[in-house]
Amino acid sequence: MNLLLLAAFWGVLMMFISLSGRSHATIRLIAQVGMGLLFLSTLAEMQGFLIYDLKAAEMFAMDRYGLVMLSVLSGCGFLYFLLSGRDMANVGSDYSEYFSLIFFIFCGFVLVLSFTSLLMLFLGIEIVTIPLYILTGSDKRNLKSNEASLKYFLLGAFSTGLMLMGIALIYGARGTFSTMEVVGASGIPTRLLLGGLFLMFFSLAFKVSAAPFHFWTPDVYDGAPTVFTSFMATLVKVAAFAGFLRLFDHAFGSLKTTWQIWAGAVAVLTLIIGNITAVYQQSVKRLLAYSSIAQAGFMMLGLYGLGDGAREGMVLYAASYSLATIAIFSVLTRMNDYTIEGFNGLAKKDPWIAGILAVCLLSLAGIPLTAGFLAKFYMLQAALSAKYGLVVVVIAVLMAAVSVYYYFRVLQAMYFRAAEEGAQFPAFSTGFKRVLTLIAILILVLGIQPGLLLHYLYF
Amino acid sequence: MPINYYLFLSLALFTIGMVGVLTRRNAIIIFMCIELMLNAVNLLLVAFSKMHHLKNLALNASVGTDGQLFVFFIMVVAAAEVSVGLAIIVMMYRNIHSVDIQFLNRLKH
Amino acid sequence: MIALLLFLVPLIGGLLTFLPNKSGMARSLALGSALLSLAGVIAGLTLFKQPLYWEFDAEWLQTLGSRFSLKGDAMGMLMSLLTSIGVLLAVLGSWNNDVQGSNRFYGLLLWMQAGMMVVFLASDALLFYFGWELALIPAYFLCSIWGGEKRIAVTFKFFIYTFVGSVLMLIGLIYLQSLTPNHSFQMQAFRNLEIPESKQVWLFWLFFLAFAIKVPVFPFHTWQPDTYEQSPTTVTMLLSGVMVKMGLVAMIRWMLPILGIGVFIWSDVVICLSVIGILYASLIAIRQDDLKRLIAYSSIAHMGLTVAALFSLSGFSNNSNVVLQYHQVGFQGILLQLFSHGINILGMWLLADRIERRFGTRKLSELGGLARTAPTFTIFFLLIAFANIALPLTNAFPGEFLQFNALFHAQSPYRFVFLVLAGLGVILSAIYTLNMVRRIFFGETNQATENGLRLSTAECLALSLVVGLILVFGVYPQAVLDFTNDFSREYVKAIDITRFLAK
Amino acid sequence: MFSFPNIAYFIPLLPLLGFLVNGLGRKHLSKGAIAWIGSGVLALAFAASLVVFLNLPSGGPTLLNAFDFIRIGELRIPFAFQLDALSSLFLLIITGIGFLIHVYSSAYMHEESAEHYGRYFAYLNLFIFSMLLLVMGANYVIMFIGWEGVGLCSYLLIGYWFRKPAYTQAANKAFVMNRVGDLAFLIAIFWLIARTGSVNFVDLPAALSSLSSSDITWITMLLFVGATGKSAQIPLYTWLPDAMAGPTPVSALIHAATMVTAGIYMIARSNLLYTAAPLTLNVIAVIGIATALLAASIAIRQNDIKKVLAYSTVSQLGFMFLAIGAGAYGAAVFHVMTHAFFKALLFLGSGSVIHAMSGEQDIRRMGGLKKVLPITYFTFLIGCIAIAGIPPFSGFFSKDAILLSAFLKSPILYGVALFTALLTAFYMFRMFFLTFGGTFRGTDEQKHHLHESPLAMTLPLMVLAVLSVIGGWVGIPELFLHGGERLIEFLSPVIPVVEGHAISHSTEYLLMGLSTGLVLSVIFFAWTRYRQYRSEESSAPFARLLENKWYVDELYQTAIVQPLHRFGGWLRSFFEPKIVDGLIQGVGRSIRYISQQIRLLQSGQTGNYALWMVISIVVILSIQFFVRK
């Protein structure tokens, strides 16, 4: 719970700092320090150190898994601040507010990762999404940004409605919000309960942008300021997935036979739509939006083949996917040209950055020796054990092959094509490069020895 | 009065809201329809909490209160959403002088 | 220990090679690493034969049930020898053509070697898969950066194609692992599996597609001629000399002993495909004007024969030693051919590369009369060409002889048809090879070939090594056969269908 | 070491040595040195063969086991040599004639530059080495190694003047056609291995029992197909006439005396199998006689001196196969020997003529060479008489033996064979008279440096002439000389003598008299016809058919070669890119297309998005609640 308190505090802090009109540098520094603290505090909590022990067991209770997930999130968040903190200044004037909103979102993460009551799940998700509406629209003059935020808001609110209805029905069926009790010992679900279950499934599927509830994703990711897209596409999505898993694992685990097949179906649909649609994209930003849908499809496999393997895999997936995507976005943010051609000849101009991007792309494509491969591997392994697993898995890997197609288009642009004359590449600071290098190393290390991360789940 | 009446009523409200979202073009009205959906949920929650309260009154006097508690949270969150949402719509209006969502099609494909 | 060394030397060598920017430096580093690993293999084949030197096992990915375990059986040793020879030849062959960015070039080359070593030595399925991809990625970059003008599209096709195959294989591996009692990826655990026929029927294809694409078996071969044509010859050498063998080694190690029944069910289909491939590729080769494509197709034909022979090994012995004996004969031939064909095709590419660099063309129609202007080169080429058509006293003859023998003993009603059709391949190979020789070396010279070509010391060294190996193993193949004898005897027992059904 | 049997190792090793020295040192050695080395090793080899021949123990063969070529479990293929009557006889023929021809070549090839001179002798030595492997090999695999080796050398030597495209074409043709036969040979070997598990000749008698009659028929058939390739029988004979592209000594050595008889040797080796396969024997007899007749008929209308000899070779080989078909292996081997003598003689003679005519090969432009080339003329005449089969020249005895065996098999065969013999006599003397008789018809500058060849060339001619006269006496039949048929008797350990073809002496006399008389009259006819040259441009369709060799080459071209080429071209330019690769590319293309379409779902309209969501919700819920059980 350390993170909850710290994040809330730091969020407020950042707001007040904006009043005291500090320079961007200091604001950024404070924010980065704060995020670092969040990360450390989570690690500390894993060692059993608590700033203050919240007694709210019937509302939320943090467990080992949540902590590991949270440390991954906050760690990635820290790297994200290091890489993209500077770029937020280009979005709009309210520099420190952006940070504070992100800190509040982290509070939401904590709830989503630790809820034991549907109420907390609801609150968590809302705490995450409402600031996101703002961040999406934060580029006020930019019509695309406005449009994105409005779409996001309308559809988001709509899905919130669905979730609430679901919760209400469940409550009607069982008279409680506690995840432990929503499914009776009998395990024979009433229609009311099932209806609620499915409504929640839909709304969560919406949050993680799984087909056919994914339609908002490309537009919103495309329209939002790139720095925030990076945040939404990675940490938010991952956290939402963690909540998704947590709910269907703890609350509806005993009804697996009922929803599993649908999880599988949604996963397959998501994979197909995400990957196939990405093939045709020309803008890297939109391509990444679709690829994030595709990756969501793979994470859905984790839900489909829910089990220990899937849980481990989800952590690994969270780490690998977030790291790679954050890195790519951080570079993309600074590019002048978002189209794939914009990357032509980057390897000649800046081999170091190109190399790191290559590692990230390979990881996203799931090539061995990168974390991305093992993450996918876990998911496939989990899915294969489920009913109709083989069909789903075959489709999944074929779609992975398709994903190779579009990820490698970027790779080819960087390495094998010559830059058009007059093409400008931004200059990257050494500090920036250091952080990127760190990310690349993390990806490779996790790809070769994932145990380093996963063993935290157990001791 | 049997619980089903409440159930059907609120489901009807919910559906009306949903249909509104699908059919209307004015962002404000769509937003109101969403609010309608939320309130349908509120109604349902209250009804259920009452039902559960009466059902197990013997065991525990405070049972079922949590449902009504939830309603307050929903209201709060809804209020927050309203503030943000309206802000966004206003911003929108300031830029394109319209709140018709059909004009929101710069982002597609 | 040797096994681990063979993996680490190129890996670290590659890493080091990346660092310097002076081309000469990288070149020497690469040569050093190549020599070192070759020395390692030779030491392993002579002084440290005992298994304990060739086995290495360490904890790795415990949660996935995979271990980092390398185990060099006779085949593994042979193939690692081939690999290190191949890399050595590749470095020697490219010694004089200065590639820009040679540090990256040689670095990737060595990493490719590391990957192939893992494939040949891994006794853990997941590790094997890692090696499989580790060998592929550098190849992809090498081809797309230093290749010909159509390189990007072509190598991309090659990559996607093989990638699809390998992910399907990955599913197969995961599935098998889920069947093993303690969820292990160890080869032994796989071999002990008792997989019902109904499953083997489709599991077979998950694996076969991956390997068939790599080998390649008709009709999955279309990536190959394009890739060989477009990629730099140094890489093509490794692709066709060594990497192609990965597919066969994988079939030998990860299919026949594990999915014996599935293999038996589909063996006729596979043999039929390979035989078609032989004739198909040979016929195209006859009408081929591009030297590199011609060699590519001829290699498809040769591999087709090997695959056919391999799948004709799967059958019932009913524990009769005679049958096992015949299977062993065939299998020995396959092992021999794996090695010999590697050597020959390496030599072929060296020569083709030399021609292309000297005359700037690969078109047979634009060459001619070299026999007069470049006699030494001609002799090398003739020797290797004759090895290519499996003339007796060249290393290819015993291999193909035993392979045909295997085909003759296939437990298939059509075996005689297969044999005769595959035999036609021998005739066709003579036709296209001699045509190639005739059009390059005989007849009158044109102004391009008027002033011949001179071989550098490095190239002479490389070619002499090749020719030496060709003749030595052509006259005394028993050296290899003795080496693989025990392995093959055990192996044919392991793939015997009778054994599978007994389970 | 230098004593029997180990000395036999030197027989193949010496030529190999010569090959290496001449091949590697061809840039540095002088022509003289090259010639001396090339011929010297042969002389030594011949001496060694003599030693072997003289010390040959009566009865069973002597085996020399060098090392194991292939040994896998039970299957054992040793690199072993077998010395017995048959192989030792062939050793003598090969090394002896080989030596003479090396000597001859040293003069004949003298215009060549030192480097190519060295190449030539290297090839020649390599050929002798492979040929020796072929005859000495103690099992079919070693024999096969030699078998393909000689094919290779013939390829190299036919294409020796590699700058002439036609020549290299001919070389390829020869190699490929041989390959066809070799394939059959290989399959036969596999069959043997499959049934008997051994390929050693010494195991054959034992193996016979374990072979079913159908097995034997198949194996013998396949072996025979192999033989037709090497020994230029129907249908694989067309390469031999083209092979005349090589230097004339090569034609003499490879394409007349030694290599082409490998088929005979192989079948004689496996005579046990063949005796057990009457069907195959019949086929062989028919093929043999057919080839003999066909080739002879073509030879009648050929004007290239070497082509005539080439077709006569094919025809003579046909005779040998006829003998085999008739079960008279001994007679076949006998004819191989005598044929080696007189055919080598004839070829070398023609070489001497060509040498004198400075490269002219067309007999219509020769004539009247009797005076300028006395030695050549005389030796050539002997050769012609020998091949025509006039007693007591060598050809007579061997041919008579064949005719006799044919008569015993069936009178029809005998009739055709006799007719072919007459044709032989006719075309040989036609060529002879056109070449040496009459008046000179060549150009003037050809005329003015007409000259007798040097001693290095004439000496071999004389030696061979002597052999062609007396060579046949080793096989004088019983009825002339008690204790005749020495050769048959000598070969008996390898080729069991079949007793009981007793026919009355009178019949035998009759047959001989008949053939001799007819031959003499044919020669006289030829003399009357060609004593004075007159051009024979007859447009009679049959004559043209003969001139164009029955259009067999054209037939092969249109029926086999061109269709294959066209098919290959179609595969390359259509099937491969459009169908096989097209499918693969199609997958990619269709994915891109689908992607292009699916994008359109992303209409950008918030309403649609919500609609899609609601629709899918309704669908899923209804399936869940109303369809799914």
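Each chain gets a letter, A, B, C and D, in the order it is written, and its residues are counted from 1.
Rule of thumb we're sticking to: a contact is a pair of C-beta atoms (placed from the backbone, for glycine too) under 8 Å apart; a residue touches a chain by one contact, two chains touch by 3 or more.
No experiment lies behind these values; they were computed from the predicted model shown.
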Which of C-D and B-D has more C-beta contact pairs: C-D
Inter-chain centre distance, chain B versus chain D - centres from mean C-alpha coordinates, in Å: 99
Geometric centre distance via CA averages, chain C-chain B, whole Å: 66
Computed distance of Cα centres, chain D from chain C, in Å: 37
Computed distance of Cα centres, chain D from chain A, in Å: 79
Of all residues in chain D, the ones touching two or more other chains: 588, 599, 602, 604, 606, 610
Touching two or more other chains - residue numbers and ranges from chain A: 150-151, 154, 158, 218-219, 405
Overlap residues in chain B, where contacts from two or more other chains coincide: 18, 21, 30, 101, 104, 106-108
Each pair of chains that touches, named by its two labels: A-B, A-C, A-D, B-D, C-D
Residues of chain A touching chain C in the complex: 312, 362, 367-369, 374, 377-378, 380-381, 384-385, 390, 393-394, 397-398, 400-401, 404-405, 408, 412, 415-417, 449-451, 454
Contact footprint of chain D on chain B as seen in their complex: 18, 21-23, 25, 30, 101-102, 104-109
Footprint of chain B on chain A - complex, ascending: 119, 122-123, 126, 130, 133-134, 137, 140-141, 143-144, 146-151, 153-154, 157-158, 160-161, 164-165, 167-169, 171-172, 175-177, 218-219, 222-223
Touching residues (chain side chain C, partner chain D) in the complex: 157, 160-161, 219, 221-223, 280, 283-284, 286-288, 322, 325-326, 328-329, 332, 369, 371-372, 375, 386, 391-393, 397-398, 401-402, 404-405, 408-409, 419-420, 423-424, 426-427, 430-431, 434-435, 438, 441-444, 476-478, 481, 485, 488-489
Contacting residues of chain D [partner chain C, same complex]: 67-75, 115, 141, 144-145, 148-149, 152, 155, 159, 162-163, 165, 168-169, 171-172, 175-176, 179-180, 182-183, 186-187, 190-191, 193-194, 564-565, 567-569, 571-572, 576, 580-581, 584-585, 588
